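You will see chain A twice below: alongside chain B first, and alongside chain C after that.
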Partner chain A sequence: MNTVGAALAAAVGFAAVAAAAGMWLPLRARVPVAGACTAALGAAGLAAGVAALGGRTWSADLPDLLPLAGVHLAVDALSGVFMAVAGAVVLAVGVYGIGYAGGHDLSSRGVQAVLPGFALTLILVPAAASVSTFLALWELMALTSLALVVAEHRQRSAVREAGLWYAVMTHMGLVLLLVGLAWFAAGAGGESFPALRAGAAAMSPTARNSVFVLAGLGFASKAGMVPLHAWLPRAHPEAPSHVSALMSAAMVNLGVYGIIRLGLDLLGGGPRWWWWLVLATGAVSAVYGILQAAVATDLKRLLAYSTSENLGLVLVGVGAAGMFNAAGDRPLAALALAAALLHTVNHAAFKALLFCAAGSVLHATGLRDLDKLGGLRARMPVTAGLFAVAALGAVALPPGNGFTSEWLLLQALMHGLAVPGVSTAIVLPVAVAAIALSAGLAAAVFVKALGVGFFARPRSTQAAGAHESPPTMLAGMGLLALACAALALAPGALAPGLVRAGAAAGLSDVRPVSGEGLQLRLTQVSGSLWPLWIAGALAVMMAAVSGLTRGLSRRRRRTQARLWDCGGGAPTPRMAYTATSFAEPLQRVFDDVLAPEQDVDVTPVRESAYLVERVRFHSRVPDRIEHRLYRPVLNGLSNLGIAARRLATGSVHAYLGYGFCTLVTLLVVLAVMQ
Partner chain B sequence: MSGAGAAAVVAQVVGVIAGAPLLAGLMRQVRARMEGRAGAGVGQPWRDLRKLLRKEPITAAGTGPAFRLAPLLLVDTTAVVAALVPLASTDTPVSDRADLIVVVAVLALGTVVLALAGLDTGTAFGGMGASREMTVAALVEPTILLSVFALSIPSGSTNLAAIVSGAVDDPARLASPAGLLAAAALAVAVLAETGRLPVDNPSTHLELTMIHEAMTLEYSGPDLALVELGAQMRLTVLLGLLVSLFAPWGIATTASWGALALALVLLAVKVTVLGAVLAAAEVFWAKVRLFRVPELLAGSFLLALLAVAASFFLNGK
Partner chain C sequence: MSLLRKIRDTGRVAEPAPPRPEQEPPAAARELGGSVQVRHVDAGSCNGCEIEIGAAFGPVYDAERYGARLVASPRHADVAMVTGPVTRNMAEPLRRTVAAMAQPRLVLAVGDCAMNCGEFAGGYGVEGAVGDVVPVDVSVAGCPPEPDKIVAALRSVTGR
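For the complex of A and B:
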C-alpha cells in the first residue's frame, strides 16, 4: 500500500470517526469533533489526490465488501485531480462548518453524521474502477447530499420543493447512467474499467454512441448543464451554505470527470460529433447560466447559476479536447484538456469561497436577497474582503485565478483552427465568442454581487445589524482564499500534474504546457503567460502612481464630505441602485432570451375609474427553459395521473374486467408474434 | 535586454501619461474649431489636471476602500498596458509578456474597479453608471476576443510583439479582408471601451445620458484628476494599439536608439492624426440611445466573426 492507498485508508478512518462523533457525542462536543475529523478526512483526500497527481498509481480489489461484484478501486492522475479538489474543499468546509453549524438544525445528529459520509463519497467516486463500484458510490453520494440539502426543511417550505426536484433529477440521471453503463458492460464483456477499455473497440458504433449519449446525459445533469440544470438553482440556494460549497465546488465536477473518463479513456475517443455535442452543451450552458445569474437577485441562486456557467466552460474545453483528439492532434487535445482541468480546480477554489462567504452573510443577516443587503463592507470587513478575492477569480481578470485557465482555454481554441475541417472554422470562433460573452457577463454579475451586496449602505435593518462571522468560519474561508491566491500566482506548479492527468485520459504524454519559474508556457504552440509578473507589475505601478500623486498634490489630508444630493436632502438607501435595477439594462438587451414577466395592477378608486388608488408592479425573470420544457412535461404527467384516477372507480367488477382484457390482449399479441 | 529596449518601455509609459491630456486637448480643440468655437487650447486638460491636483482630497461620506483605490487602479492598469503594448518598439524586455488577451483583461480590470467605485457611493447615479458601463463592457467582450482571434491567426500567436512584427514583415496581411474586417471591428470596440460617441458622450452634463461620467460623479480634487487622466490614457493607449496593429510602419523592431527615436516621433504623429480624425468624425455623429448600443456592438461582432472566417477560408487552408 503506497501513499495514495494509505491516505485513502486514513480518509475512510476519519470519515468513520467523524460520523460516529456526529451520531453519539453530546451537542457541545459534537460539532467541533465531527468538523475537525471531516477536515482531517479532506486533508487525507487532498494528500491522496496530490500523490496521484505526482505520478503514483494505486489499485485495490475488495471482493468481499459488496456482494456479487465486489469493490474495485484504482487511482491514476486523472482521478487525482478530482480527488485533490474534493479533498481541499472538504478540508476548508470542515473547518468552516464548525462555526456555521453551531446553533441551528445543522448541529443535529443526522446532519453531523451524514456530512462526513458525503465528503468521503466525493473523494472516493473518482477512485472507482468498476461500473458497480462507481454506481454504488455515485448513488451514495446522491443520497447523502439529498439528506443534507433538506437539512433545513423545517424552516422553509422551499427546501422541501428543492429536495424533491433534486431527488427526482438526480435519480433520472442515475437511471440514464445505469442504462448506459450496463449496456457498455454487457457489450464489452466485463464491468471492471480495464475490461471496458479492452472491450470498447470491439463494440458496434451504434452501441458505443448510445452508451456515450445516455451516460453523457446522466453526467451532464450532474454537472448542471442546460437543459438538465433545473435542480441546481433550487438545491444550491436551499442547502446549508457549507453543503452548497461542497456540491458546487466538488460534486458537480464529478459529472465532468465522468464524461472525460467515459468518453476519452474507456470508450477511447469516439467520433467528432460526440465532442461537438459536448462543446455545444458547454457553450450554451455557459451563456445561459451566466445570463440567469445576471438577472438573479438571490445571492446563492446567482452563485448556483454561475456554477452552470463555469462547468459549461470546462465542458467547452473537454469538448475541444475530444474533438482535437478525434482529429488526430493529440498535443492540442492535451492542452485543451489541461485548460479544462485547471478551470475545474480554479472554479472549485473560488466557488467554494463564494458560497462560504454567502453563508457568512446568511449567518449574519439571515438574508440572501441582494436587494436587501448592502453596507456589509464596514460590518463584516473580512468576509467582504474574502468575497472580493473570490469574485476576482470568478470574473476571469488578472490577477485572479480564473483568468489563467480561461486564457489557456482560449489559447487551445484559437490554435485549434489549425485542425483541418470546415466545421472547426465555424464552431471554434463561435465557442470563443461564447466564452468571451460569458466572461464579460460574469464581470457584470460579480460587480453586482460585490457592489450591491457588500458596498454602499444597508438596505434593510437586518443588513444594518450584521456582524462578523466566528473565527472558524473565517479560518475555513481563509484557507480557500490562500488556495485562490496560490492558483492565481503560481499555476505553473500544477502543470506536470495536469499533463499526467491528460496522459491518464489516454491523450498524449507530450507536455502541452509547462510551468517554468514564473511563466506558464505552451510548449507545442507559441504562447506564454506570466501571472506573477502581471500581479507584480500592477503592484509596482500602483505604488509608483500612488507615490507620484501624493508627491504632486499640495494638500494631503483627506476630509469627508456629503454625497451629492441634487440639493434635495441626503440620499437614502432606498435611492441606491439595487441588484434588480443594476441588471435591468442586461435584462432589456437579452429580452428575447430571458423573457421576463411584468405585471402592472392598477386599482382605481371606487368613485372614479380615472383616479388611481393603488398601483402594483410585479416583475420576475423565470428560468425560461424550466418554464417551457419542464412545465409541460410535469403538467402532462399530473393530467395523466388525474385521468388515470377515473379508471379506479372502486368497483371490483371493473378491476376484474381490466385483468381479463389485459390477459386476452397479451395472448393475442403472443399469438400474432409467433 | 538592451538599454534601448528598456528605454522604449519607459518612453511608452511616460509618453502615454504626458501625451494623453494633450491628445484629449487636441481632440477637444478640433471639435471646437469645427463647431465654430475658439476652443480652450490644446494644453487645457493639463491645466485642469494641475488645478485638480492642488485641491483638497475629499472622500464622499459612507464610501470605502473601493472608492478610494479605484482612481489609482484605473491609472495603474492603463500604465501597465502602456508598458506592455508595443507602441514604439516590438523588442523590449517585456515583449514576451505582451499577450493581447492579457492586455484586454488588464484594461477590463480598470473598468470593473471603476464600476465597483460607482456602486460604492450608494447613490442612484453611481449605480446607474456602473450598471450601464458593465452592460456595454460585457457586450464588447466577444468582439474584442474574436478580433484577437482573427489577428492571431497569421502569426500563430496572441503575443502582440509577434503580431506587430509579423505585420511589419508582411504588410499584405493588413490589406487582406481579414485584416480590414478585424480593424473595423476593433475600432468600434475601442469606441465603446473608451466611452466615445456614439456609445457614450464624454462631454455630456446631462446625468440621464451619462455612462462613464455618472460613475465618477462623486470624485473631486486629486481623485478626479486621476480618473480623468486614466480615461485619457485609456483612449491614448487604445488608439496607439490600433495604430500598432493596423499601421505599424516605422515601429522599432530592433533595440536600436535611432529606430526608437524615429518610432516615437512616428507614433506621436500617427496617434495625433487618428485622434484628430476621430474628433472630426464625432462632430457629425449623435450619441445613440443606450438600448441601440447593442445593435452597434452586434454589428461589430459580426465583422469580427467574418474576419476569423475570412482568414480561414481565404488562406486556402
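For the complex of A and C:
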C-alpha cells in the first residue's frame, strides 16, 4: 500500500471517527471533535490527491465489501485532481464548520454524523474503478448531501421545497447514469473500468452514442448545466453554508469528472458531435448562469448561478479538448483539458470561500438578501476582505486566480482555429465570444455582490448590528484565501499534475503546459504568462497612484464640508444603490432573454376612483427556462395524478377487478410473445 | 438650412450695451476676474422675478455678454441669486446652498420680497427677508425688477 492508499485509509478512518463523534458525543464536545476529524479527513484526501498528481497510482479490490460486485478502487492523476480539490475544500470547511454549526439545528447528531460521510464520498467517488462502485458511491453522495440540504427544514419552509427539487432531480440523473452505464457494461462485457476501456471499441456506434448521451445528461445535471440546473439555485441557497460550499466547490465538479472519465477515457474519445454538444451546453450555461446571477438579489442564489457559469466554462474546455482529440490534434486537446482542470481547481478555491463568506454574513445578520445588507465592511472587516479576495478570483481579471485558467482556456480556443473543419471554424469563435461575455458580466455580478453587500451603509437593523464571525470560521476562510492567493501567483506549480491528469484521460504523453519557476509556459503553441509579475506590477502601480494622490493632496489646505445634498436632508441608506437597482440597466439590456415580470397594483380609496390610497410595485425575474420547461411537465403530472384519482373509488370490488384485468392482460401478452 | 435662414432673417435682437458700471465691483468679486457663475435659488418667490431673470439671460438683454452665467449647482457657483421672501421650509436649504459655495462668494437678492418680504411680510409661512437668513452683498429693487436692472446688478459684480 503506497502513499495514496495509506492516505485514503486514513481518510476512511477519520470519517468513521468523525461520524461516531457526531453521533455519540455530548453537545459541547460534538461539534469541535467532529469538525476537527472532518478537517483531518480532508487533509488525508488532499494528501492522497496530491500524491496521485505526483504520478503515483494505486488500486485495490475489496470483493467482500459489497455483495455481488465487490468494491474496486483505482486512483490515477485524473482522479487525483478531483480528489485533491475535494480534500482541500473539506479541510477548510471542516474547520469553518466548527464555528458555523455552533448553536442551532446544525449541531444536531444527525447533521454532525452525516457531514463526514458526505465529505468522504466526495473524496472516494473519483477513486471508483467499477460501474457498481461508482454508482453506489454516487448515490451515497446524493443521499448524504440531500440529508444535509434539508438540515434546517424546521426553520424555513423553502428548505423542504428545495430538498424535494434536489431529491427528484438528482435521482433522475441517477436513473440516466444507471441506464447509460449498465448499457455500457453489458455492451463491453464487464463492469470494471479496465474491462470497459477494453470493450468500448467493439461496441456499435449507436450503443456508444446512447451511452454517452444518457450518462452525459446525468453528469451534466450534477454539474448544474442548463436546462438541468433547476435544483442548483434552490438547493445551494437553502443548504447550510458550509454544505453549500462543499456542494458547489466539490460535488458539482464530479459531474465534470464523470464526463471526462466516461467520454475521453472509457469510451476513448468518440465522434466530434459529442464534444460539440458538451461545448454548446457549457457555453449556454455560462452565459445563462451569469445573466441570472446578475439579476439575483439573494447572495447565495447569486453564487449558485455563478457556479453554473463556471462549470459551463469548464465544460467549454472539456468540449474543446474532445473536439481537438477527435480531430487528431492531441497537444491542443491536452492544453484545453489542462485549462478546464485548472479552472475547476480555481473555481473550487474561490467559490468555497465565497460561500463560506456568505455563510459568515448569514451567521452575523440572518440575511441573504443583498437589498437589505450593506455596511458590512466596517462591521465584519475580515469577512469583507476575504470575500473581496474570492470575488477577485471570480471576475477573471488579473491578479485573481480565475484569470490564469480563463486565459489558458482562451489560448486553447484561439489556437484551435488551426484545426480543420467547418464546425470548429463556427463553434470556436462563438465559444470565445460566450466566454468574453460571461467574464464581463461576472465582473458586474461581483462588483454588485461586494459593493452592495459590504460597502455603503446598512439598509436594515440586522445588517447594522452585524458582528465579526468566530475565529474558527475565519481560520477556515483564511485557508481558502491562501489557496486562492497561491493559485493566483504560482499556478505553474500545478502544471506537471495537470499534464499527468491529461495523460490519464487518454491524451497520451504530450506536455501542453509547463511551469518554470513563476512562469506558465505553453509548450505546444507560443504563449507564456508570469502571474507573479502581473500581480507585482499591479501592486506597484496602485501604490504609486495612491502615494501620488496622497502626496499631492497633503500640500493643499483641507476643509471639512458638508456633502451637497441639494439642500434637502442628508442621504439615507434607502437612497443607496441596492442589488436590484444596480442590476436594472443590465436587466434592461437583456430584457428579451430574462423576460422580467413587473406588476403595478393601484388601490383607490373607497370614495373616489381618482384618489389613490396605495400603489404596489412588484418586480421579479423568474428563471425563464425553469418556467417554460418545468412548469408544463409539473402541471401535466399533477393533472395526471388528479385524473388517476378517479380510478381509486374506494370500492374493494373495483380494486379486485383491476388486479384481475392486469393478470389477464399480462397472461395474454405473454401468450402472444411466446 | 431653415435654422441658418432664421438666423439671417432675425438678425441681432440684443439691446445695445449700456456703458460700463462706474463703481468698482465689491472686494470679494474682484478675485473672480469678470467671470461670474450664478446659482439661482427660489426661496419662496411668486415666480414674477423668475420671469424677469429668464428675460435678463435671454437674447434681448443677454446678461452672458457681461460675464455672468447661470449654473446648475452651488458647487459650481460664485454668486447665489436669491428671489422671494424666505419661507420656513426654504430657510435651511438656502443656508446650506450658500454654505456649499466656494469662497469667495456673494449673495444677490433680487426683488422687493427678497429685500424686505414685500407683499408677503408677516405671512405665517415667511421666515424673513434674504438678509435675515444669509448676508446679502447686492440687492435689486422692484416688484418685479426690470431685466435691465438685474443685468446692471450683475454687471456691478462682473465689472464688465
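By definition in this document, the second predicted complex is superposed on the first by the 632 of 674 C-alpha atoms of A that agree within 3 Å, B and C clash if a C-alpha of one lies under 4 Å from a C-alpha of the other, contacts with A are read in each partner's own complex, and residues count from 1 in each chain.
Please note the rule applied: a residue touches a chain if its C-beta (ideal position, glycine included) is under 8 Å from a C-beta of that chain, and two chains touch if they have at least 3 such contacts.
From a predicted model like this one, the values you see are computed outputs, not experimental measurements.
Novice: Using the superposition on chain A described above, determine whether A:541 touches chain B (first), chain C (second), both, or neither.
Specialist: first
Novice: More residues of chain A are touched by which chain, chain B or chain C?
Specialist: More residues of chain A are touched by B.
Novice: Which holds for A:653: it touches chain B only (first), chain C only (second), both, or neither?
Specialist: Once the two structures are laid over each other on A, A:653 reaches no partner at all.
Novice: Does chain B (first) or chain C (second) touch A:616, or do both, or does neither?
Specialist: After superposing on A, A:616 lies clear of both chain B and chain C.
Novice: With both complexes overlaid on chain A, does A:562 touch chain B (first), chain C (second), both or neither?
Specialist: Both partners, chain B and chain C.
Novice: Jot down the residues of chain A that show up as touching in both complexes, chain B in one and chain C in the other.
Specialist: Comparing the two interfaces on chain A, one with chain B and one with chain C, the shared residues are 561-562, 564.
Novice: Which bits of chain C are touching chain A when the two form their complex?
Specialist: 73-75, 92-94, 96-97, 99-100
Novice: If you look only at chain A, which of its residues touch chain B in the complex?
Specialist: 374, 377-378, 395-398, 403, 407, 410-411, 414-415, 417-418, 420, 425-426, 429-430, 432-437, 439-441, 443-444, 447-448, 450-452, 455-457, 525-530, 533-534, 537-538, 541-542, 544-546, 549, 552-564, 571, 573, 575-578, 581-586, 588-589
Novice: Along chain A, where are the residues that touch chain C in the complex?
Specialist: Touching chain C from chain A are residues 561-562, 564-568.
Novice: If we count contacts the way the header does, which residues on chain B are in touch with chain A in the complex?
Specialist: Checking each residue of chain B against chain A gives 53-62, 64-66, 72-73, 75-77, 79-80, 83, 96-97, 99, 101-102, 105-106, 108-109, 111-112, 115-116, 118-128, 130-132, 134-135, 137-142, 144-146, 148-149, 152-153, 156-159, 162, 217-218, 220-222, 225-226, 290-291, 294, 301, 305, 308-309, 312-313, 317.
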